[in-house]
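Pasting the structures in now, so scroll down.
Look at the two complexes coming up: chain A is in both, with chain B in one and chain C in the other.
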Partner chain A sequence: MRLIARFRPSRSLLPMCLVLVVCSAAAQVQESALKAAFIYNFAIFTSWPDHAAAGPFIVCVDAGTPLAESLRQLEGKRVDDRRWKVKETADDPRKTGRCSIAVIQSTATQQTNGPVATTLVVSDGGVSGKNGAVITLVNEGDRVKFDIDLMQAERTGVKFSAKLLQLARNVI
Partner chain B sequence: MNRNAIYLTGDAGAKLKVARIVSAAAALAVASLILIGYQFLSLRESLRDDVEVQASIIADNIAASLMFSDTQNAVDMLRSFRNAPYLTGVAVYDRSGELFASYNREDSRHPPAQSSVPGAPLQTTSLEQVSVAMPVVYRRVMLGQVVLTASTAQIWTGLAHFAALLGMAAVTATMIGLLLIRRSRLRANLAEKELHYLAHIDPVTDLANRRASYDEAMRQLAAMRICGCRVAVMLLDLDNFKSINDTSGHAAGDVLLQEVARILLGSTRETDIVGRVGGDEFLIVAAPIVSREEATNLASRLTQALHKPLFIAGAEALVSASIGISVYPDDAENLTDLLRNADMALYRAKALGKNRFAEFHPAMTEAAQRRLTLENELRRALAEGHLDVYYQPQFSAGSRTLIGAEALVRWTHREHGAIPPSEFIPVAEESGLINEVGRYVLERACAAAATWCRSQDAPIGVSVNVSARQLREPGFLEDVAGALGRCGLEPHLLELELTESTLMTNIEAAITFMRAVRAMGVRLSIDDFGTGYSSLSYLQLFPIDQLKIDQSFVQQLPGGGETITQAIISLAHSFGLSVVAEGVEAQQQLDWLRSMGCDYVQGYLLGRPLRHADFEALTYEARCGGTLDALRLNEPQQANACSVTTPGG
Partner chain C sequence: MADAGALPDEPNSADLAALPFEALLAVPVVTSASRFAQSIADAPSAVVVLTAADIRDFGWRTLGDALASLPGTYVSYDRNYAYLGARGFLRPGDYDSRFLLLIDGYPTNDAVYGQAAIGTEMAIDMDLVERIEYVPGPGSAVYGSSAFFGVVNVITKNGSAVEGAQTSVALGSFGEKKARATYGWHGQNGADVLLSATSFVRNGQSLYFPEFHMPGESDGVARGLDYDRSQQFLAKGSFGGLTITAVHSNRTKGVPNASFGAVFGMPDSTTDTQSFVNASYEQPLSKDVNLAAQAYWGRWDYRGEGFYPLGDNPSALNVDGAHALWYGIGTHATIKSLTAQTIVIGAEFQRNARRDQYNYWLDPYVSALDDHHSSNRSAVYVEDEIQLPANFVLNAGLRHDRDSITGGNLNPRLALIYKATPRDSIKLIYGTAYRAPNAYEMYYAIPGDQGQEANPRLHSEHITTREVVFEHRLGATGRATMSLYQYTLRNVISQLTDPDTGALVFANVDHAAAKGAEWAIDNEFGHGWRLRASYSWQLAKDRATGATLDNSPRHLAKLNLVTPLFWQAARLGTELQCTSARKAGDSVAGGYCLANLTLSSSRLAPRTDVALSLYNAFNKRYSDPAGPAFVAPTVYQQSRTVYAKMTYGF
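Entry: the complex of A and B
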């Protein structure tokens, strides 16, 4: 909750959140906001190959999901001087070109031809190592944790800060 | 052995020592405090540096945990700092100032408080702790703050050890310093003692020297003045020290002095002062004494103890001493007068024949005064020509022809009339006037003899007495040569008479002198033979012409003294010397001497001492077959004028 507030562009949203907490829909929003913050933090602790580290920082996500909404709320922030930009697609986000991060649902099908190079694929749920994502967000009780698949990371060419790896629940 | 040494002691020394130790300790304490203070500051500085480094490390590593809100991870990481024993607490605050994670030691419940200025690193230090606040920044984004507190307890423990070490070092240094001070103090004391010894102690006898003796005597006198006690001040002089020193050498003289010192210390009380105040002169101060009798008893004991043969340098030496006594307060009030009186008494004891003591008597002052007056008047008489020279004729014992005269000095005082030589000659000897008197007589005698009428075959000579003091006078030989030259007297007509004791005081010098005089052609005679040492071996050594038999032997004749007189005559003849007998007053004496073969005679029987003019007349009657008065008509008397050689004959 506090963390969310920290990453919000404005503190004026905080009272609204508190109101939303009491209803179940609000719980959903809170979780997605937390996950969006996590994704933003991943971007901070990850470095992309030089050729993919230019232009706006594009985050591709399934259109219409609460997470997409939360991610969009982070627009205006910067990742290494790159502007944070959310691109909502109806299609599989992994197939959208020029994405720095692609966020997929746990229900997304395993991609047969491997992940797109230089795109950090983050899966909201699912089993790490099997869902084809580099980072898998996991709900553990009321906390959000994440696993990292280094094999996948190797393929995409992104590198993680040791600090991030240290915080991961599992590193495979 | 030494009873007169004074050493410096006192309370002041001990006080000074304590003050020195206290000041040294204070200086060391101040130095230690400064060192400890500096040590504390520098240790705290380095602790703060350490804590700052730790804070940086935490700030760097806690960023991700803060971002992902992973308290567990943060706590895990903070816990790893438990190995740093000085850290009492670590706290991480997030950007809003809420406590995110903390780690506390068991003994400090509360996590370190957040700094009021979250954006900048901040250190606060106190005596008990060091606190460092460090902002957590990741990619220029301020995430929160790390606050570390460290206890200075360890520093204090270290400082306690350091202080203990310093204390031990200070104590050790003080001990070493004290030891060194003590040693140098001892050395200084030793030097002081040595200086004191050099300044106050006579190195030969270990007795107090002149100055120290007088100082001690002064102190003793002051003490006795308070108690109203009697004090005996004695001056002791060895009678024959000089001859022992001359004959046996200075080393033997030193041994003699040491022996005397030992005897004196052994015969006096522990509280009495014994000091050496001159070459062979000792001061004894006996205090307190009950009566004069006690003083004379002590003096008697001392002369007896000293009057015994001592073995010195392998030979036996007979020592004797004379003592002069004066008693406080009977004889004088102060030390100077007491010493002067004792000296007069000593003079008296010597005059009485040595190896005895004499008490001071007020009459001695008068005697001394008379001596002084006599000396001054003699000086004046000498200057004004009031001394006269008389000539006692000497005759050949067989033919009774005039062969010469003995020059005798006479003093007719303007007021007191004739003063006998026995009275003024000792005064002259003592004062040194004898040199001038002697020179005067020699000069006059030579001048007179030059005027006497004499025939070629039997010349008339003159004999002049020479004192020991004159012999020591370096210019005496020149005086003799000068007198002869000025008056034109042939050297063989002058005879110098020396007494045995004169010669014995310094035999080598005497022989040198005698040879020189003889080389000039002057005759030598030994006066008063038989009364002094009469060493036959020296008789052989001395280059002399004549012996003179003392009148004390002659006057016993006849019926006494024949043996010794005869012995002297035959002794002289066997050595090839002529003999003259003096003091012949009776015809029997003359007859006996003549029968024994005595060469020359002199005495009242044959002729009293005459004035120069009368003697000169005698020579004319005896030799030149005329009277002087006839000649005087043509020639003025020239006895005193040495410019004239001889008036002819």
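Entry: the complex of A and C
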């Protein structure tokens, strides 16, 4: 972490040196693995209302998808003091109760009865501001980026750290 | 940073989650070629999407290179323009006017020839293309005229895809050089800017044409006439729901093969200058209603200069040209308030302010044609996608176009989609389309017995198609498709000789029919392997004579394979395309197989992409049918070329 401490995380410098490190490992990174790591970081840099911040940290996701598999590989990790737990569901993940995060696909129909309280809805693709998600993962070229919809976030009651907001591509 | 350095070859999510968040933003992923697989399953067509990753991995330099990789398509080149054919239809000599080419929704087909520019004459650099959506089949029920065999929608990159300054330089065989400078910026409020300029030149080669070899007079070699030069500029800005794109391009191509009766070996060239400004706006009106609006202005100036025999003068300079200028507005609403229905209602208006053509001899100045026309067209359309019980989806579209010259056209389309299983869908599609005669066909007139007559009474040509598509999803993103189709064309505009005057004239005389089958597969095999392959069998015939159409191959086989090399440090893009023999008038263009190889890497040096391409790797000699403007029945195509490219991001 020294590089980051020494240099201000200027947008131009930082990706360069980090790309080098990752490059030197010649790693082949699968999209779902990277997106799962993104979602884990969303959890780290978001705070939930007190009444929703107890018990295991449940991540709900469509069953059988590569993303579900990658999220499951994170089991054993912790978010604050809460255990990361993946709940795969055949129904709409947003309708599964007690999810801290619900991951939907870009093709999911827009929720008609508003956002689910205290659930951070993350959409894999789609258009932020239109898909009803709080955070939207976007593929741009061979990079993954994310957009944050603050209005949806407010209705959900979650709060983001300044760092998360700073790293987002769009904050609307 | 120790964590990152110790990343395994194929890190899982837990390895990645241990990295600082900033680092994740810079990690490249193995991109999926068919990310739109899900929505494609619902589309009322066998849609194919090509991405920037495909363009990079296969080293496609023109839109035609990309489109030639699609199932059932083929591209012909006459060493001046490139033409797209599909499902056995690509009549030599016609302009490329039976596909609608949209760039970010702007209709690029010009108001004089209706031409879709897919060769080096295209207005934008392929490096700036984010994706290409190809919708095969008639699209007039949504898009109106020109969407005859298909719609090609090119979506350009945003500034956020570039982020900062980027330069690209390339060198290739026969004096090919290209340089591009691009700047992209993206703000967190969604504001986005992309600026880009490209300069391209290709000296070309000396080409031997046996048909012009006359001992004592000419050795049949065209020297210094195969050059190709272009400049392309693009500026794009978005904020909120508004996106404004401005494009300007200019291309000059030498014509080495003395088409249209030019004097062989003399300077001959065509210059195409295109500009457009397109503004599009999207705004959700309510939770269930989305409004989109568009306004555009475009022009396309064409100028051809060449030497032709005139009376006693064996070679006089003639200038042939056109000014096309058009602007329009369009709006559509997408309504999802009814249960299980998505309705799109739209209206469009386009003014073709200039559809002007001219032709003159320079010295002494004699005007042979100075024609000025304009026209308007307006349209209303509606499309409804209805989710029916038992996994059926009905997609119905209807559009009415009114052209101030050629009158009204009503085009329906109906598709019934049955999702037999979550992985299998069957689509039954009935479609119609039309193409209004272009200004060239209606008004171009040159006096003389070798001349051409106008025919302002031309009306639209029509197509009706029936198609069944079986789609099976493979894994997370792949799919296998089989398609059976039957096309019927009526009143196709063709050139014939007026028996009274001996001059050429266009008339609605031809009727044709085609049937065919296509098999296609598109899949990823982990570790960065990606495969797209297709085979098409097609039979297109003239309904009056029963003869097979010119430039209509019976078989097309294609393979596009991406192979990771050196532990993912590089990629090899292998492209194979086989085309069976095609009739070319009384002659035949022989069948051939072509191989293109592109080796590329983003990891050789930081922030640098390098690529080395070998086009026509086995130096296959092959030809495309040429059309009536050429002395020879076929045009010899490009021999093996090498191309090296480097892109650096600051």
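The definition used in the following text is that the second predicted complex is superposed on the first by the 143 of 172 C-alpha atoms of A that agree within 3 Å, B and C clash if a C-alpha of one lies under 4 Å from a C-alpha of the other, contacts with A are read in each partner's own complex, and residues count from 1 in each chain.
Heads up, the rule we're going with is that contacts are C-beta pairs under 8 Å (C-beta built on N, C-alpha and C of every residue); 3 or more make two chains touch, one makes a residue touch a chain.
The structure presented is a predicted model; accordingly, all values stated were derived computationally and were not measured.
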Touched partner set for A:Q73, first chain B, second chain C, both or neither: second
Chain B versus chain C as contact partner of A:P49, first or second or both or neither: neither
Comparing the two partners chain B and chain C, which touches a greater set of residues in chain A: C
First (chain B), second (chain C), both or neither touched by A:S161: first
Touched partner set for A:I172, first chain B, second chain C, both or neither: second
Which of chain B and chain C A:Q30 touches, first, second, both or neither: second
Partner chain in contact with A:S106 - chain B first, chain C second, else both or neither: second
Contact residues of chain A, present in both the chain B and the chain C interface: 2-3, 38, 41, 44-45, 163-164, 167
Of chain C, residues touching chain A in the complex: 1, 4-17, 19-32, 35, 38-39, 52-53, 158, 160-161, 163-164, 186, 188-190, 284, 287, 290, 336, 476, 527-528, 564, 566-569, 602-603, 606-607
Touching residues (chain side chain B, partner chain A) in the complex: 61, 63-65, 67-70, 73, 94-96, 98, 138-139
Chain A to chain C touching residues, read off their complex: 1-4, 9, 11-12, 14-16, 18-34, 36-38, 40-41, 44-45, 65-66, 70-71, 73-74, 77, 105-107, 110, 112, 125, 130, 139-145, 163-165, 167-172
Chain B partner contacts - residues on chain A that touch it in the complex: 2-3, 5-6, 38, 41, 44-45, 80, 161, 163-164, 166-167
